[in-house]
Amino acid sequence: MSRTLTYGMVGGGPGAFIGEAHRKAIALDGSARLAAGCFSRSPEKTRALGEELGLDPERCYADYREMARAEAQREDGIDFVVVVTPNVTHYEICKAFLEAGIHVSCDKPLATDSAQGEELKQLAQEKGLLFMVTYTYTGHVTAKYIRDLIRAGEIGAVRTVMAEYPQGWLYSEDDCGGKQGAWRCDPAQSGRVNCLGDIGTHVENAVATMTGLKIKRLLAKMDVVVPGRKLDDNDQVLVEYEGGATGINWSCQFAIGCDNSLRLRIYGSKGTILWDQERCEEITLIREDGAARTIKRGYKAVTPAAAKYGRLPAGHTEGWLEAMGNLYDSFTQCVAAKQAGTFTEDMIDYPTIDAGIQGLKYVEACLESNEKGNVWVTL
Amino acid sequence: MSRTLTYGMVGGGPGAFIGEAHRKAIALDGSARLAAGCFSRSPEKTRALGEELGLDPERCYADYREMARAEAQREDGIDFVVVVTPNVTHYEICKAFLEAGIHVSCDKPLATDSAQGEELKQLAQEKGLLFMVTYTYTGHVTAKYIRDLIRAGEIGAVRTVMAEYPQGWLYSEDDCGGKQGAWRCDPAQSGRVNCLGDIGTHVENAVATMTGLKIKRLLAKMDVVVPGRKLDDNDQVLVEYEGGATGINWSCQFAIGCDNSLRLRIYGSKGTILWDQERCEEITLIREDGAARTIKRGYKAVTPAAAKYGRLPAGHTEGWLEAMGNLYDSFTQCVAAKQAGTFTEDMIDYPTIDAGIQGLKYVEACLESNEKGNVWVTL
Amino acid sequence: MSRTLTYGMVGGGPGAFIGEAHRKAIALDGSARLAAGCFSRSPEKTRALGEELGLDPERCYADYREMARAEAQREDGIDFVVVVTPNVTHYEICKAFLEAGIHVSCDKPLATDSAQGEELKQLAQEKGLLFMVTYTYTGHVTAKYIRDLIRAGEIGAVRTVMAEYPQGWLYSEDDCGGKQGAWRCDPAQSGRVNCLGDIGTHVENAVATMTGLKIKRLLAKMDVVVPGRKLDDNDQVLVEYEGGATGINWSCQFAIGCDNSLRLRIYGSKGTILWDQERCEEITLIREDGAARTIKRGYKAVTPAAAKYGRLPAGHTEGWLEAMGNLYDSFTQCVAAKQAGTFTEDMIDYPTIDAGIQGLKYVEACLESNEKGNVWVTL
Amino acid sequence: MSRTLTYGMVGGGPGAFIGEAHRKAIALDGSARLAAGCFSRSPEKTRALGEELGLDPERCYADYREMARAEAQREDGIDFVVVVTPNVTHYEICKAFLEAGIHVSCDKPLATDSAQGEELKQLAQEKGLLFMVTYTYTGHVTAKYIRDLIRAGEIGAVRTVMAEYPQGWLYSEDDCGGKQGAWRCDPAQSGRVNCLGDIGTHVENAVATMTGLKIKRLLAKMDVVVPGRKLDDNDQVLVEYEGGATGINWSCQFAIGCDNSLRLRIYGSKGTILWDQERCEEITLIREDGAARTIKRGYKAVTPAAAKYGRLPAGHTEGWLEAMGNLYDSFTQCVAAKQAGTFTEDMIDYPTIDAGIQGLKYVEACLESNEKGNVWVTL
């Protein structure tokens, strides 16, 4: 690659976990260099962080719209923007950068409803721009390996998928978990959904990405359990997939002892695959003999399309930042290829805006099912 | 105890897994001695097995009704009967022995519907007889320990219970799993239900026994998945308990790699308890600090009411037969106390006919929910 | 089999863990019936326990020598004796029964030195009697399966064996662990060795039985660690086997958190086998691809010579008593075959007196090595 | 910090695993910026990689001595050098940079013998320079947490430490593991030692760092096991620490199924700590009640001095690169403080040259013990 790409960030100010995580994930492989930012609503904070991060003060913007405009006009303007602001602002910000002709990487959820998502998709298509939605977990080498195993028919036809993502950090009625928790418990900031939007959509995306299954219809029960909560904190979703497979998606925020326990158990006609993102370095593959095989990232068995993302030999553990980094590895390669005129669709190995829209439709269908008394809703 | 109790067995002929298991579980602690039997529909097989087991040939019966009558009249007649025949015959056999005034231990399911169960209960009450339904898994020391922890409020109020019992042995469409599998796949022998009755009721019983929760209503999806099956082999049940807790009960017979994976995850307002019957020697207890504590049978932390059933020091593993043996330890103590006139209700530490009836009502409610299109059914 | 064998027991009085365990293990499969006993030095205690166990009072003996004589003369005399007394008495008691022509099952250690062991072996051979030393752990189905895998060359040539047996129950300097602990810490009762004789010999036996390796020489470090102890409570043994393999055997009694953690890791030129007796229902087999396969008792992969001892399907856990029961299953079959004149050496599938002698020689060599300053001692 | 530090690298050319790992670990947190390099013996390769990494061509050096001289003279010269060349060259390269007045981070082993190490230490002291030896594994947050727990007396006095580092990648006699393996098996490149120097020293360092124990004497058995090998590939070391604790250190390169299995089990008078670097996100802490507590990075229980290195919430896994990054976080802070004149010794939270020298002495003592027939050697 002749030159390192540059990117800008909207959001990710001091103390914002996810913004710093994106920066670290990109830095890890040096796949792009931060060159501009609008990190905070406070211009002072933006400037201070920009200085700390070595940015040209000129490219520390008080306003994201100004940033979009200015960067689009610069000869050395950013190649893509990373949007890591609170959820309700994603749509407007992404729109501004797309209109300015800048590729977008947006944290999930993409927007507050699927109509917004479709509009962004339309806009990206018109402008010929790439759009990544950072569902981090499918970036794990093992997640890609599972996708390849299932595509290759290694466990036969998928029959049922037990998928879940329990967390425990919001178990207490005393608080809503500090800064991170507060907005998630606040309808004004989170919209109509909390747990399902925050982590339930990761479940939906993980199943879709690894199994390739498409949801036909679902029946959701979205409960507000912890006293004082206003939005769902426990979501149970029965799913029927096209082709006849079924599944249960569960997400929860008060499961004491669970940190970030996104876990899939995929049962097929010829075998089973188990995956736990907190043990992201390995998968368990069970064939008809019943023996559970633990296969680790770095082993020869791992398919080349997955293995190529590994940085270290087996046993030298990679983790969450590496998964995020893998998304950016593919995304930046695609951005560079776009610029070089060599891009083809099959190069895409990251979650696109379609995954983001699918997540929004999933939430909308769950809300409808729940509001109607837990009835089946067709997607 | 002045004399060893004696028991008779109906069912449990050559090759019948469950009958032999009951015999071994009772022999383990010597809590009763086999003295009579009607092991098979074939009198020859009954006689042959009786001889092998050292029975008096006179007490090897061709017919269970005759056995009930004859044993009731003998001065040294059996103290209780163990019924381990195919499910559809339980009701008639139990009835015959109750009418003859003999205490009953019956394998689950108790009967084919709850009306039969209620009738048996009525009969047992009239006759002043004890009736155990052998839900083996709640016999584990760790299951009793969990019951005690929850009763004592150690994890606060239970909020949600994720319970499951996947097995894999009936995954193949080529066969129905041999002798054991055949009748489970055959409506004529199994009635309207397969997986849910066979293992789903263990899930219901385990949750009820350990948490003390009572089901208010449920919504069930009972699927026939493996091609060629006629009855359910994958059951997903959403549950609402009295008091507001919720849960999911899942049972499945085609989950390759799962053998006998009855597992409970109980999330409370102050902690979490994890239990896996295949790791029956330990529980995981998580308090608000998030640290997962593995506590083993044999440790001082285990409550006396649970610990008293242990036979061996921690690390000398006990298993499934010991769990069954624990049920019989309590049951035979109660039978002996009945005979000695010292029996009181609080001595009961085994699953009674009420648990059996509850299981049948659970199945009936699930069938109704499923047939009506997965709607809520109140119990 | 035309009749059930009968056995007598020396030791195993009230509160004695190991005697009751032997009785339960034998009762489990009904492979023999207890018919005589000298359970305690106190005739009263023997009589009381005999009554509880349903023995003929005549066959409750005050003295084991009298028991040996009397039982040998009875037409219905016991077929074998089970010796479960404190270690220092094993030799005299076994000798008495062998001289009376009665087969012997003796708890380990066989005797206090290998010379005694050789004498007993000589005597048993002269009398044509069977002699089992109850190394329980090699009775596990999975232990036998590992033996078969290694014999079949499944992991190639064994290169190194990491074997260990840490326990934690004697970690405190405040006590020596109650009744069980007291004699183990007392040279007068235990002889020159504590930890190594009690659990270190299980390590030696487990390695020998599963791998077939014979020790060529060893270097031992036997430490007295807990303040107040008089005998070894931590033993580190470097081992060289005939044929060039090496290994480390470690046993310890103050490893807090370890209950009964006998564990083998066997590294061969083509694969690895892991075994943990506290997870006795499974083995881990790793081939050159590195994938760790968990194979459970009850799976088709298990060799017939091992699988035949299983009582329950996979997932219905068996444990320590079943392992002990497996030893008695083979032993009683051999005793019956002896009586029927059909016995052949290849029927033996239990630890014989040779294993007992080997254990004593192992201890003697370790003591010699340790006393000489941790030097190599050839066996 | 007013400006980002810059560093140079010697070694780490195309395909060299460890050099790229250092670069990624530093980039992750942006704690320094690569500004100069002598990546390969081939000037072409150095230039090409320098270009790829965005270096000024002037600062891509054909010779490390020239680099040391030139960088020392530049106003914007590198703040420290990272030495990641083959082991035998470490001494000369480190010396050159120390003489030029440049701080050094050197991969382990520091040198080929401890005399060289002492000389480098002397030189660093004279020049007032910092010197890190990158024992990566002690950089894990959990390793630091264990250090703090033991210092605080949480498990009482350490009694015995079972430490090990088995790998499997060199199990085959067919090859020596490709490029990585070849030089490790070649005395000309590796010197007198292979496995013990490569991974055995990590064991020594991990025990020393986490427990604070100092080796008094040791007895080593260094075996050449795989046919065709010329240097040790299996090392068993008995250790006595000052104060009376003991331990076993085991390292192995042919343990099929082990990837990078550095593992410590630390048994104290009041508790036990278990650590497995492949599960580096958690520790197991066992107190006198025997319950095994799993505590994860990110939990409140983790001591502040350890927790401060974490980047992500619990459950968002960090791994090997983060551990390396943690070393550089401390090292670069110390370098910056040196420049700012605010440095104090207690700021050091990385392995210094003393750790490197200790590793060399450990290897030398093991070699002596082994050559003399596995006798005790005092350190």
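Going by the order they are written in, the chains are A, B, C and D; count residues from 1 in each one.
Rule of thumb we're sticking to: a residue touches a chain if its C-beta (ideal position, glycine included) is under 8 Å from a C-beta of that chain, and two chains touch if they have at least 3 such contacts.
Everything numeric in this text was worked out from a predicted model, so none of it was measured.
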item: Contacts common to chain A and chain B (chain labels); value: C, D
item: Longest centre-to-centre distance from chain B, chain (CA-based); value: D
item: Averaged-CA centre spacing for the pair chain D and chain A, given as whole angstrom; value: 35
item: Between chain B and chain D, centroid-to-centroid distance (C-alpha), Å; value: 56
item: Set of chain A residues in contact with two or more other chains; value: 258-259, 290, 292, 296, 314
item: Residue ranges of chain B in contact with chain C within the complex; value: 4, 17, 20-21, 24, 27-30, 53-54, 167, 169, 258-261, 277-278, 280-281, 296, 298, 311-322
item: Residue numbers on chain A that touch chain C, as the complex places them; value: 285, 289-296, 299-301, 314
item: Residues of chain B defined as touching chain A within the complex; value: 155, 159-160, 162, 164, 166, 168, 171-173, 219, 221, 223, 225-226, 234, 236, 238, 246, 248, 250, 252, 254-259, 265, 267-272, 274, 284, 286-288, 290, 292, 373-374, 376
